[in-house]
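Two complexes are shown next, each including subunit A; its partner changes from subunit B in the first to subunit C in the second.
Up next is the complex of A and B:
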């Protein structure tokens, strides 16, 4: 006992304690880990999905991304982009790309969710990357809306506008409107940074902050959000307001002026 | 004592008939203010009828509406940049740190009774006021109403337009929201680009480094006191001059440079004007009740580290935004100093764009040497050079507005923002020239048509077959009034250089300015700038020519 208390302040004591702790948790994990049979089932389902995904991939994607996802002149390498990127790109209909342009536009998705999962499983098997978020990661319930607004204005508004109505980038590229984007896709967009958008991995923006942003967008820019002042005019700010003032404001007043001027008091004809 | 006086008066009154209350009040006031003679002189002023003459009234009424609603807003607005935390009803802002100014604007929008409507009326009316001034100014410009004796009133008006722009800008900055804060930052950048004194002016204006905590209270005084005060004075002066000069009128039978044909101010015109006020108020209130403007709750409080895309100023400042957006980011570095041409050049062009239209009346009267009074308006086509100049200026202004909204043009028309920027850069120089040439040609075409109409009558649309089989369209001769209206304008001759040698053989020196003036005058009125109008002789000859079509 005396020996132990004497060594307690030894420079290497911390390392020893750490190693000990690791050994204990490792042992505990081995003891309580799910039964081996279940694990085998999982991997079987997993490899089946990868198998199916590979088939889908070679038909729909390989022409641009290469047979092994290594990339071609028509599309970048998908090794290491992760399941999340696939779920986003294919789920929002951006992939498969129809024609080369300034930017892959959003379209109606052509794969169903099961197929997307298979594609994602296949791409994920090529190299580790962010995985598809789970519902409680992206669900806006209980998040801090105001905080989300602040984060959005700091990190996203420079491209997507104050409330995510979208904006132009150089050479025909643009940050799209975020109205009614599926919360999962918002999360994935932040995670993977599609095309010209920077990525916001958990190290720069925590999971909680992502949720806050999703909750903010859900409040101010979805079909259920309210506009206390009346028609929003696209939420684009002074340009649309100016057009409206000229056309419906001054325009209406000029019509009224013409009407009033035409109603002149006439000298009585006798 | 008092009873005695009353008695004396009532005895007097009983002797005659008691005058109606209104008349007695008027008598009372007249006895002290002498308004009768003033009213007598002015109430029967004539005001001619034309819808475009009511544009000034649109400005006047929207100005009044702005003042009325503005007073209401000052009751609740806190012009302070003290920091507070929001705890009001708007959920997406709860717990946010913001300035008092921003918080009180949220408060006006969500807590004050009628606050949001009044805010929206105030802002919509401001946009419409400026748009109204723009169109009113163009009406005055294209009809030549700015000519002697109204040049000073033109300048008063122009000053109102510029002051209106800055009143709008300062007001727009008051809520201290992210959008307007970006605009103030923009202005600070422009000030900083001024060589040598830029940093001093900026420090002075903001009471230190941007944004500091002074600019909202300072802008507040400027916005609610200084500028509106000056504008109110100018509006009064503007109105007095309109009454003093009497209103201009379009040419027509019985209308000369010496009379005004129309309805008397009192009662006809006043009744119409009073009704028109309520119509203007009604239209603006309807718009404000329907459509939101500057939803600061969605925009968020200003923070210098945040910025949003699509950050534009209100439309009347849009052309300055355009200037900055399309200007290449040039700069010159020397001896450790930077001259930011990318901002300084737009800052210099900004007043130049405005001044171009303001000084035009003086240039025109100098070039043409026309120093006579004009109370009859020009039809725009009969002054092709002026009309072309005005159209070119408008196109210039609008090209810059396109530049100011280049991002929205890009996203909404699926264009590249770079292509739009290049279009504006080139268009800035080319479009006004093209518009100038095209407008002048269109004016001449219209003049030619007027001449045809006078000489050959109006195309009636009736086709007649002559006995030998030819088809001709029947032209109806114009009425005497129409003939007068189409030929009443004068067609000025260009100036000529005085001969270099006078009749006594003495050489005269002709200055360079005189030569320039003659040259410009030829450009205004010389060959190819007007179609000679039909003369009485031509008319006689053709009309007596046995009904030839």
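Up next is the complex of A and C:
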């Protein structure tokens, strides 16, 4: 450093500084220019996706939600629901709806992910709404599972049961089981509040909170989660457990008692 | 069975008078006690080798029980609490839970099975008849007891020494008072505890997820938020007691969807705050359906309409859900304008 500052008045110093500055400028340009062209590509791809999405929408959705997503008596308005809602509803197969009913059940998804993205792009272009979360937003890695459990019991357990087994609501509606639901879909459901589920927007339940909840569900209610109690009997609580004990526990005792009494100990069998 | 199945000769018409002549008068009393059937022996009573085998079987069951008990203690000591194993019909289960249950079950079952086998094969099974006796005592025994009682009463001077008798009556009458005084521990009377909650004027609504005060713009139409009063901390000694009464759910409705005028007046820009405690027996209710604005109680299916003043539309609840009057303060946060106007939770005798 001392050597460098000693030569700062050298006749060639200005040339060196100038060369250095040019190299930095060139390097920065090289680093950022391709990004700009990519962005331009993105915009083009985006408008293409909206075009494609609009076509898919007119065929599959418009009969209930209206030609411009304004809603009809058969389906709610989609203006402002955001890409996230589309990704959830179509991605879990809930939409398109098979028939009107108490609520749309989960079924096999009809559109593939590329088509869903196009539909989502079109709906998102109708009005601002929550966008599809990125992987690091919903991935359960590095989240606080205990806090997630606390949040789940405060916000979700009333309908979805303490370990996400689901439960009944009024007039045929129900809170579905959360077992092995894609973390992305859980995140989107909290964000958008599908059907009768209330939403839990980022303003009242932060992104970190949502991540914690997903991590909790991943621990207690997924195909790889382990139950120390063994046979869960549906995890529904005392009703199924009591019924099991009364029928199979007591039943086994009765069978043993009958078996003991039915066999005579006499030498001469009568 | 129809009459076709009966052979001809057994029909009453075919039997004719042979029937009456065939009846012979039984000798003696036809209803006399036939007595016990002859005693039948068991293999073990006749064959000493079989008896030995039974003895060994019983001893084996008892020994098995001992081994299982030792196994119980061994599993308790050696198996770590978080170890999981796969057991075929049950699935994944904690190794400790499984082995404790299995060994204790075997230990208890083998004692029972051994005892039953012992009683059935080795203990004497000879029938024993024991005649009943009249319940009433002999007249002379009765007379003696009564005479003894009268003599005792006379000797105790119970009738003569009235001071003793009266003070004894007094002592006996007062003793139960101790029990009555203990009932005081059921108190003290709740006072205003059933009518007051932790909410009061100027307390901000704190989001239970983030512990931050809520702003009206945080709460969107269709969302559900739970709030607690400012100043209440989860670490507080009385947190559970206070939140059990103060728990609040906050939803936002479009003002044109609010049917009840008072509810609209008590809301802040369509944000309404209702007690989370069911007015039937006090279960926490927050099964909120955002399209119908109904809240369902999971315990007895009471349903409340949050767009109509928390009115009961179904179920056993007797009162509408209490609403908390809120406003936006000058710093832009939601705050309570007082406590709930009526007691939250289930009705009680003096509720009025």
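One rule holds in what follows: the second predicted complex is superposed on the first by the 227 of 270 C-alpha atoms of A that agree within 3 Å, B and C clash if a C-alpha of one lies under 4 Å from a C-alpha of the other, contacts with A are read in each partner's own complex, and residues count from 1 in each chain.
Going forward, a contact is a pair of C-beta atoms (placed from the backbone, for glycine too) under 8 Å apart; a residue touches a chain by one contact, two chains touch by 3 or more.
Just so you know, these numbers come straight off a predicted model, no measurement behind them.
Visitor: Answer with clash or fit: subunit B and subunit C placed together on subunit A by superposition.
Guide: Partners clash after overlay.
Visitor: With both complexes superposed on chain A, which partner does A:165 reach: first (subunit B), second (subunit C), both or neither?
Guide: first
Visitor: Quick check for you: in the superposed arrangement, does A:235 touch first (subunit B), second (subunit C), both or neither?
Guide: It touches subunit B, and subunit C stays clear.
Visitor: Let me test your reading of the model: by the given contact rule, A:154 touches which partner, first (subunit B), second (subunit C), both or neither?
Guide: both
Visitor: Classify the contacts of A:142 with the two partner chains as first (subunit B alone), second (subunit C alone), both, or neither.
Guide: A:142 sits against neither subunit B nor subunit C.
Visitor: Can you tell me whether subunit B or subunit C touches more residues on subunit A?
Guide: Of subunit B and subunit C, B contacts more residues of subunit A.
Visitor: Going by the contact rule set out at the top, does A:199 touch subunit B (first), subunit C (second), both, or neither?
Guide: second
Visitor: On the A-aligned overlay, A:209 touches which partner chain: subunit B = first, subunit C = second, or both, or neither?
Guide: In the superposition, A:209 contacts subunit C only.
Visitor: Identify the partner contact of A:260: answer first if only subunit B is touched, second if only subunit C is, both if each is, neither if none is.
Guide: both
Visitor: With the two complexes superposed on chain A, say which partner A:226 touches: subunit B (first), subunit C (second), both, or neither.
Guide: Only subunit C is touched by A:226; subunit B is not.
Visitor: Of the residues on subunit A, which ones does subunit B touch that subunit C also touches?
Guide: 154, 158-159, 167, 169-170, 175, 227-232, 260, 265
Visitor: Which subunit B residues qualify as touching subunit A in the complex?
Guide: Its residues touching subunit A are 49-55, 57-58, 91-96, 109-110, 116, 120, 124, 127-128, 131-132, 135, 178-179, 263, 268, 272, 275-276, 279-280, 283-284, 287, 289-295, 297-300, 303, 305-315, 318, 404-408, 410-411, 414-418.
Visitor: Of all residues in subunit A, which touch subunit C in the complex?
Guide: Spelled out, the residues of subunit A in touch with subunit C are 151, 154-155, 158-159, 167, 169-170, 173, 175, 193, 195-201, 203-206, 209, 226-232, 260, 265-268.
Visitor: Across the complex, what residues on subunit C touch subunit A?
Guide: 40-46, 84, 87, 89-94, 97-98, 116, 120-121, 125, 207-210, 214-215, 217-220, 222-226, 251, 284-292, 294, 296, 298, 301, 303, 314
Visitor: Which residues of subunit A touch subunit B in the complex?
Guide: Interface residues on subunit A, with respect to subunit B: 102, 144-150, 153-154, 157-163, 165-172, 174-175, 216, 219-220, 227-233, 235-246, 248-250, 252-254, 256-258, 260-265.
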